[in-house]
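After this come two complexes, each holding chain A, first together with chain B and then together with chain C.
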Partner chain A sequence: MFKAKLKEAVICFGAGRVTLDYPFEPVKVPPKFRGKIEFDPRKCIACGGCANVCPPRCIVIEDMGEVAKLTFHLDRCIQCARCYEVCPEDAIWPTEQFETATPDKNDLKSEMMVWMSSCQRCGRCFEYDNAIDRFPSKRWRGRGPGEANKHGIFPTKPPIAFRPPPLVREEEP
Partner chain B sequence: MAVQKEYLLDLWTHFPDVLEGLQEDVPGQFVATVPREVLPAIAKHAIKQLGARFVISVATDRRSKSGDYSVSYILAFDEQREFLVLHAHVPADDPTIASITPEVPAAGWSEREAFDLVGIRPVGHPDPRRLILPDDFPNDAHPLRREFQYNQLFAFEPQNAPPRKDAPEGATVVPMGPFYPTLEEPAYFRLFLDGEKVVGSDYRGFYNHRAVEKLGDSELNYNQIPFVAQQICGICGQVHSCAYCEAVELATGVDVPMRAKYIRSLLLELERIHSHLLWVGLAGHIIGFDTVLMQLWRIREPVMWLMERVTGNRKHYSSNLIGGVRFDITPEAEEDIRRVMDKVETEFKAVVDAVAIDTQLMSRLKGVGILTEEDARAIAVVGPTARGSNVAIDARVDHPYAAYAELGVQKQVQDGCDVWARTMVRLMEVFESIRLVRKCLDDMPGGPVMAAIERPLPAGRVGLCSVEAARGEAHHYVLTGDDNRPYRWRVRAPTYPNLQAVGVMIEGEQLADVPICIGSYDPCFSCTERVETLELNTDRIKVYSREELEELSRRKTLG
Partner chain C sequence: MPFGLCKKMFGKSLWLFHTNCGACNGCDIEVIDVLTPYYDVERFGMKLVGSPRHADALVVSGSVSRQVAPALRRLYEATPDPKIVIAVGSCAVGGNIWFDTYNILGGADKVVPVAMYIPGCPPRPEAIVYGAALALGLVPKKVAAQHENHIPPGFDLDGYLEQWKDVPAVTR
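On to the complex of A and B.
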């Protein structure tokens, strides 16, 4: 028994200090890290591909005739990265942000609207190679009324940039 | 079809006409449709006489297809490396089937579940109480029936709570729960004690049942389910998404590239390494040996960081889709994995060298939580729980999936039948997994990692896949459907059969040994708020806090 305890003691002393200083020191995430998603309303063509593949229905697209409304419920997001994998326009991408705790659930919801019309070339919006992810969509992004909406976009509720206040270690009294 | 297998010939001679429709659409997976009257007899014969292992039974509402229900028994012939699926149609106006639980105890829960979820009543079941549905769920609502919506609302009916099992004469009842001291999920055990000895137990669980199967056959599509499947377990997520994908691929004949299979095996083995390291640490924690907890979790953390670098997330790898994996293993990632494996192997070996000769540890774990080989076979336990009881089953060898047919896994079997044997199985499996990770990297062929799927997947096909998770065999059954989603998706996690063995395992043990006994089959650990003791004769209530129960378990180590 003492031999075992001696060996265990050697392991413990050899390990040294391994605890990180997070959250007082920020942590750098690796390049492939799947963080909170961000999107660019100027690039989105509202093809609905992201909403079609999203497992938890974090991204919901509503067809409102001339307008398509996209809603992002980031409180549901499971960081699977399917949305930016299928996006044909790179309009959605991951960030390094993982500290998304907030006292108000609505902070995690954002919306945008895109003007739509039928595709003049093929009548189809976008087609995937993979038969499982294919879905019928025959619309194309159109132009909104007036110069003010040059891109046909209404960012009705823009995403909130999460930046938690830096934590400072309290001085020992 | 030609019948060459001995066990099929035997079934053929005993039940001559019923196996006529036997098909083998997927190699090694035989499917037969038999009349409802003979299904229990065939299943019993196969299990009792031919040594088949009861995996799970699946109840399906097929009224939108063939106008009736069906029950399917999945039997595993581990030595022959084959599965036999026996379907029986159950008429919609008389949804009953004869229970096989009196002869095959392993079927107990799945028959109760079939009634809860689909409404097929097992006639002659010794314990037909409600198992899965909440206490206040309506009696006539069966969620996996087609007309039931996944978001349906209804009035609560609290009077529907299932009755509790009566304690033996003179025994003290100790309720443990609704949060178990070492389980992450809520689980409610009622232990019947004679003094300090456990003489019986009752279990009520499934408080966390979240109906992913309902979502799978009504809301999600084929490629969304892997990500929901991986959320089933916080530790073996890759196992469930892999089992689901392989089941669909087998059913629909999708040809997965070899490189994708190797990547799946690689990630599965890395997952097993960190899961076993986690378990050994927690086992130490339960019995008050926190050195093991601290050191093994320190060794484990680099594996988690490695997974974050390789896959993008420390736990949910999100790597599987139908047809392959989503990302490749780059040469840099390969280098990274090899480096971390070398470090883990050296450090883990040092710990094993120390704890394997620690007589204090042995005194707490040897001879405790005995599960004999006969019981292990009767209840059909899986994984290290079975292998610690000298039942040499390992899905990686018996029903190879991913790239395991090429990798050559060595089964780790112990015959101690106690907690120590289960611990040794897991310790040895870590070294085996490290070897397999290296072999995966050495042998991994080049090429694509995703198959081209040009046409919609065909409907009406059956696929099965068993994946050896760290805690046992996870089994997925998929019956494909029309609208880009399965018609029925059945998940059986490894804890499902293992939990049914707890009653046998803890009988005759002391109360202080119960946490490590239940812990020894590796459920997901966590903390509880309190444990309440109610003495029957005096109605005196003693409330143990979590700390007190842990203290009770730990004090025993000090003697």
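On to the complex of A and C.
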């Protein structure tokens, strides 16, 4: 038994110290690590793709005509980076920051306002009455269709109610 | 002299009681990870105890379901003062993908006052160590809310937002 203990002691001394000195020295995260998300309001076009695919619905878009307000509830973000995958303009991306512990919950709620007037490339207005606005769920698309057109900023078109095509074609009499 | 030495040595030894309030075991595994010799959180004097009456801090993981909420409240009342609650994981912080489900209250702060939020799904063991060190005041806080706008200069944003005040905002 004494021999076994001696053997253990030799193994333990040979292994050395394994404990990370973490909070006092930084550690490297593995590649492709998905941490806290960051965004760039200069690139965002408020298309709503990130809000559409976000599983915990932590990205909420409020459509307010000339400006769109994006709210990021990072307290319930699961860091899946699907917003990063779907973003056509690379306006949102995961960082390597994992040290997000905070005593104040307001640190985990970010907001940004995006100017929505016209396209920055072609100079024309975006089409308002698109598929996103016709989508029946108003959960992630702020105030719903019809509201953004109230002030006559966009071309006046009556909001079209979303009607899915019938599964069975009705036979004409 | 012994009293002062003991106070210096054990004054910040948090004894933790780990509570699973409906978690998927992901955060629980990470909490166990933190106690291993690799991420040795016991060097800060933290250890898990088996009863809330021995504990200084409650570690809550999991989105607090409606059924477990009274039990969590009783746990909090059974813990002797002074006490803090550490919410580990996105579930305990904000409710995760179940934040508006009918049987989920959406976060531990709906039931008990939470002193430290550690988001992540699950949080890295380093993140939990960082939260523990932040609770003890060893490291500075690194996260802040990001508020950025891209509005052309000269646009009266506040005046424009006045007309949207009556429209009910979507809170979730």
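Definition applied: the second predicted complex is superposed on the first by the 99 of 173 C-alpha atoms of A that agree within 3 Å, B and C clash if a C-alpha of one lies under 4 Å from a C-alpha of the other, contacts with A are read in each partner's own complex, and residues count from 1 in each chain.
We take it that a residue touches a chain if its C-beta (ideal position, glycine included) is under 8 Å from a C-beta of that chain, and two chains touch if they have at least 3 such contacts.
Since this is a predicted model, take the numbers as computed values, not measurements.
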First, second, both or neither for A:C47, with chain B first and chain C second: neither
Partner chain in contact with A:V67 - chain B first, chain C second, else both or neither: second
Partner chain(s) touched by A:K32 [first = chain B, second = chain C, both, neither]: first
Chain B versus chain C as contact partner of A:I59, first or second or both or neither: neither
Partner touching more residues of chain A, whether chain B or chain C: C
Contacts of A:V18 with chain B and chain C, given as first, second, both or neither: both
First (chain B), second (chain C), both or neither touched by A:M1: first
Which of chain B and chain C A:Q79 touches, first, second, both or neither: both
Touching both chain B and chain C, residues of chain A: 18, 29, 55-56, 78-80
Interface residues, chain B side, partner chain A - complex: 220-225, 227-228, 231, 291, 294-295, 298, 301, 308-313, 316, 318, 322-323, 326-327, 347, 350-351, 353-355, 357-361, 452-457, 484
Contact footprint of chain A on chain C as seen in their complex: 37-40, 43, 90, 93-97, 99, 107, 109, 114-121, 123-124, 126-131, 133-135, 138-139, 141-152, 155, 157, 160-161, 163-164, 167, 169-170, 172
Chain B contact footprint on chain A (complex, rising order): 1, 3-5, 7-8, 11-12, 15, 18, 29-30, 32-34, 53-56, 78-82, 85, 129-133
Chain A residues touching chain C - in the complex, by the definition given at the top: 18-20, 22-24, 27, 29, 36, 38-42, 44, 55-58, 60, 62, 64, 66-67, 72-80, 97-103, 105-115, 138-139, 142-143, 147, 151
